[in-house]
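Alright, structures below, take your time with them.
Across the two complexes that follow, subunit A remains constant while its partner is subunit B and subsequently subunit C.
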Partner chain A sequence: MASDLNAQALARYRNDFLREVEERVDEGEWVKMCMQCGVCAGSCPFGPHWEHSPQKLFMMIRAGKRDEVLQSDSMWMCTSCYNCVVRCPRKLPITTIMHGIATYAHRLGLAPKRQPTRDFSVVFWENFTRNGRANEMRLMLRLWFKDGIGAGIKKALAMKNVGLGMLRTRRMSPFEIFGGHGVKDVKGFQAMIRKAQEIEDRRRGFTK
Partner chain B sequence: MAKKEYAFYPGCTSHYRGSASNYLVSAESMCRHLDVKLTQIPDWNCCGASVSYAGSGELARHVINARNFALAEQHLPGQDIVATCAACWLNARESKEKLDASAGLLADTNEALKEAGLQYEGKAGVRHMVEVLIEDLGYEEIGRHVVKPLEGVKFAGYVGCQTNRPFGIAGESFENPVYLDQLVETMGGEAVKEYDQKVTCCGGALAVSEPEKSQKQIKDIVESAYDHGADMIVTPCPLCQANVEIYQADVNKRYGTKFNIPVTYYSQLMTVAFGGTAKDATLDGQMIRATRLEEIAAKPVKK
Partner chain C sequence: MASVVATNQTILVVGGGVSGMTAALEAAECGKQVVLVENTATLGGRTSVLYRYFPKLCHPVCGLEINLRRLKGNRNVRVLTLAEVTGISGTRGDFTVTVKRSPRYVNENCTACGACAEAVSTQVPNPWNYGLDRMKAAYLPHAMAYPQRYVLDPSIIGTPDAEKAKAACKYGAIDLGMAEETLELKVGAIVWATGWQPYDAARIQPYGYGRFPNVITSVEFERLADPHGPTGGKILRPSDGKEAKDVAFIQCAGSRDENHLRHCSRICCMASLKQTQYVREAFGDGAQSTVYYIDIRAIDRLEDFYARVQKDTTVRFVKSKVARIAEDQATRDPILHGVDTEGYHRYANRHDLAVLAIGMAPSVKAADIPAEVVEDSSGFIEAAAERAAVFGAGCATNALDVNRSVQNATAAALRAIQVVNRAARAET
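So, the complex of A and B:
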């Protein structure tokens, strides 16, 4: 359970949130290298929309502001454009750290509910791990109808012209709804992912 | 025998009737003209794209990519892996760099891969199709195949993010890469060199989840192409292509603009310039028709 994991993390790290991030977040060991220049903040295409820039999040981590960081919706607005990464004078892998903090917050059940990119991220992961390849048709339907039939129909109608255009240009196939393309060795693919997550959980101290 | 052979990683959007099926077909046409043989990696899987991180984790995302490397090594030994999709290339290349640099990560990865009966040995190289064109063939060699120069057509070379950052094409700058302009000129077209939105993010996956924020990006990208007199936009990335093309009507509604500019792949330009038909170049796959290219494709080759 997510809440158990959060309680376990609080007991394990107490007030040392930086150490928690270093041990448990993908590329988290880089956080302390940030020198607070702010180039990442000024380079982000979604700058006008978030509250916490990467620079700010890094300082908040060092200041132990655990709840504020993990409950922030800012890192979910990362478009993976890597502009901050190539401009960072310390060459921090900021994009990966943003994804990593988001993943960790989601895992602990602290990420903001109904953040649209969080929803998309979860749906995308489930979509392609189902049979090894992303299925665009099922992905769209799942996203449109995640808030119920009524909202789904409204969304589908709003997207009607895009959908019809994709059908007309043969860049979408309604038959993908029924299974669709995937890898042949689905069993091996899924077993491999389960094993990877089991190993990582052990390495990062989620399990013994 | 083909001059060059590669283990091809087309990616999820490039399959038959996927959103980038026109990239797949035109890239294959382009390679036929260049005597480059692409063999799909048998049973390849999704790279995880940019947005699946919530469910993933560090090791899982590397293992997913390592499965493709292992399959390539097993079935197509000695061949570099070549991706056409920017995200496929980025994820694969990142995983490869990480795995090649860390014995511990490699051991963990192989422990997981064993579940699928596979092993990664670190042999297969990971390349983008653009690297194959520029580094393995070169502009001069590519230029020799041009039989229908794209004369009089102005292209805004929209490089986007993920073929440009964080790895990029060797020798290019992150802020102003010029390889796409050079490819356009090699095809006999006119490159809009002052196109100032060439590396602006289109919103990526957030064009789907947070369109109200992403469409400002798309507006900037298209507007600058118009401002500089471009006839069409050309890009190496399937997500850039889709976002910048299919949401123009939505952008028009939101911002009161009247955008209707074609967004093509470099592989479509090249197929047409090499004398391929509109069908070879999948010009019928454009939601906004690239009429200037269609006209050139319909003309007979001058002897």
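So, the complex of A and C:
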């Protein structure tokens, strides 16, 4: 499915990656407004730790470096601090674009495998779309034990005090493990999510 | 003194900077009656506090001197200093303008001998040095001041200092009884040339202006280089008075920024290129200038100057808008952080002094002008409509250098002349 989407996108946009981003990525039409001043790159608190700053990613998009951009793990590192957005002299919604590129890369199946933010996002999405509420017990267990039982126990022990604190203050219930609470109309909620996805897919040109 | 004869064939020029002087003189030399209103104590505006012009690096004194000579030789121009337009009513060819005149406390007898300044001890911030130093409360604005007459700062009126100044004056030039007065003038056309002001640098929060003493603006740097400036022409940094041999110039400080000024201020690239030459002039090969830029906008013949500066081994160019400035707390050196666009290298560069090439904002926003003018998205005056009678000139209309301000003011003068000519024809 994912690779089909990629093949379809490749056929449709050929070498015009900028147009692809403009049409398919959230706020992607802003990318061409970047004047390459470098303020976003210099303002990012994570700047030194990732390979491609927003400035660089935008230039790569314009240069048609499709694989490098979509396979980059840089946009997955964005913590949504919005420092770049408030300082951007052209007022580009950089944070939204970062998440937009990440989402698009994920849709196409090109995003880096075993990228922690991506893994978390997938788990979180599954978790809360199940019945409309985040189930902390299940979310936690899925994340801790995804690397095997040994690693899971190790992480659980490391987080023991936080967990006990949350139990004590009733921020988390161990009974959530058996399904947990949800919204009143779970079916209706899931229908809404499906509809939203359908509209978004049509708008982005994934479906007719 | 207070009597100003004006008719509906008179042209009012508001603002006595280089644009206003030019508009007034061009109209007057065509035989028109002109009233030139200036809100400070002297003509010359911001041009008179530049050290040098680009690209020829000549001194503004020269061009101002020519204009002042034209002015002195012309009977058609009436100059009102310390005067401010507070209201305009009427229509094209028939305006009534209200002008508020603040007292100078010094009359025509003044010979600019300076005895009053010696007698006075109170000091006030010196606006002609952008507040970098203080001056006596009895002062001559600057060496090129016109009229060449001292001024008493209103803060000393009623204090013993004012009496001391009066006692020191041999010519009876000090008149402490002067009071604010309001004039009403009839005029036919108006040229609005209130010029520009540096954008408030403290609002560019990541650059730390106002928090870090060694982050200054380009207009302040201009004063440091000027022999009449606060340091006597030595480039000394504010925190410790040390020679600033390694100077960073940060372009587009406020300009081309949706959060600050939307427009390109046009002059700042050339101003910084010029200022790198001040550093070289002061320290020779020991100088180091670094220009941080998005792109250098030096057009037409000005590009030759850019090419010359590029060859200068003491000047380095970094293609990057600086993201933020930090300060070394021990040395108070500014440390510039950012990423350059040519290779995406992350830097943290230490300099002695950081100069913000500050953007130009209109001194009076077009919307605040008490006349019918259209404001553009930056607060400048839009080009006047065909039937207009209030014309913007110089930096009130856009970010312009001196050269283009003069051209622009001449054009405004021509349009004002057309209006009063029509008024004259209607009467005969």
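In this section, the second predicted complex is superposed on the first by the 206 of 208 C-alpha atoms of A that agree within 3 Å, B and C clash if a C-alpha of one lies under 4 Å from a C-alpha of the other, contacts with A are read in each partner's own complex, and residues count from 1 in each chain.
The working rule: contacts are C-beta pairs under 8 Å (C-beta built on N, C-alpha and C of every residue); 3 or more make two chains touch, one makes a residue touch a chain.
Every value quoted in this text rests on a predicted model; they were computed, and no experiment measured them.
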Joint occupancy of subunit A by subunit B and subunit C, clash or fit: fit
When both partners are placed on the shared chain, which of subunit B and subunit C touches more of subunit A: B
Which of subunit B and subunit C A:113 touches, first, second, both or neither: neither
Which superposed partner A:79 touches (first subunit B, second subunit C, both, neither): first
First, second, both or neither for A:183, with subunit B first and subunit C second: first
First (subunit B), second (subunit C), both or neither touched by A:55: second
Touched partner set for A:208, first subunit B, second subunit C, both or neither: neither
A:166 touches, of subunit B and subunit C: first, second, both or neither? first
Touched partner set for A:125, first subunit B, second subunit C, both or neither: first
Vertex subunit A, arms to subunit B and subunit C (CA centres, degrees, nearest 10): 70
Overlay on chain A, subunit C to subunit B nearest C-alpha distance, Å: 7
Where subunit A meets both subunit C and subunit B, residue numbers: 86-87
Sites on subunit C touched by subunit A in the complex: 206, 252, 256-260, 294, 320-324, 337-341, 344, 346
Subunit A residues within the subunit C interface of the complex: 35-43, 47-48, 53, 55-56, 86-91
Interface residues, subunit B side, partner subunit A - complex: 12-13, 15-22, 43-46, 48-60, 62-64, 67, 87, 108-109, 111-118, 161-162, 165-166, 168, 174, 199-201, 203-206, 208-210, 213-214, 217, 246-247, 249-250, 284-287
Of all residues in subunit A, those that touch subunit B in their complex: 26-27, 45-46, 49, 77, 79-83, 85-87, 93, 95, 99-100, 102-103, 106, 111, 116-122, 124-126, 128-129, 132-136, 140, 143, 161-162, 165-166, 168-173, 176, 181, 183-185, 188-189, 191-197, 199-200, 203
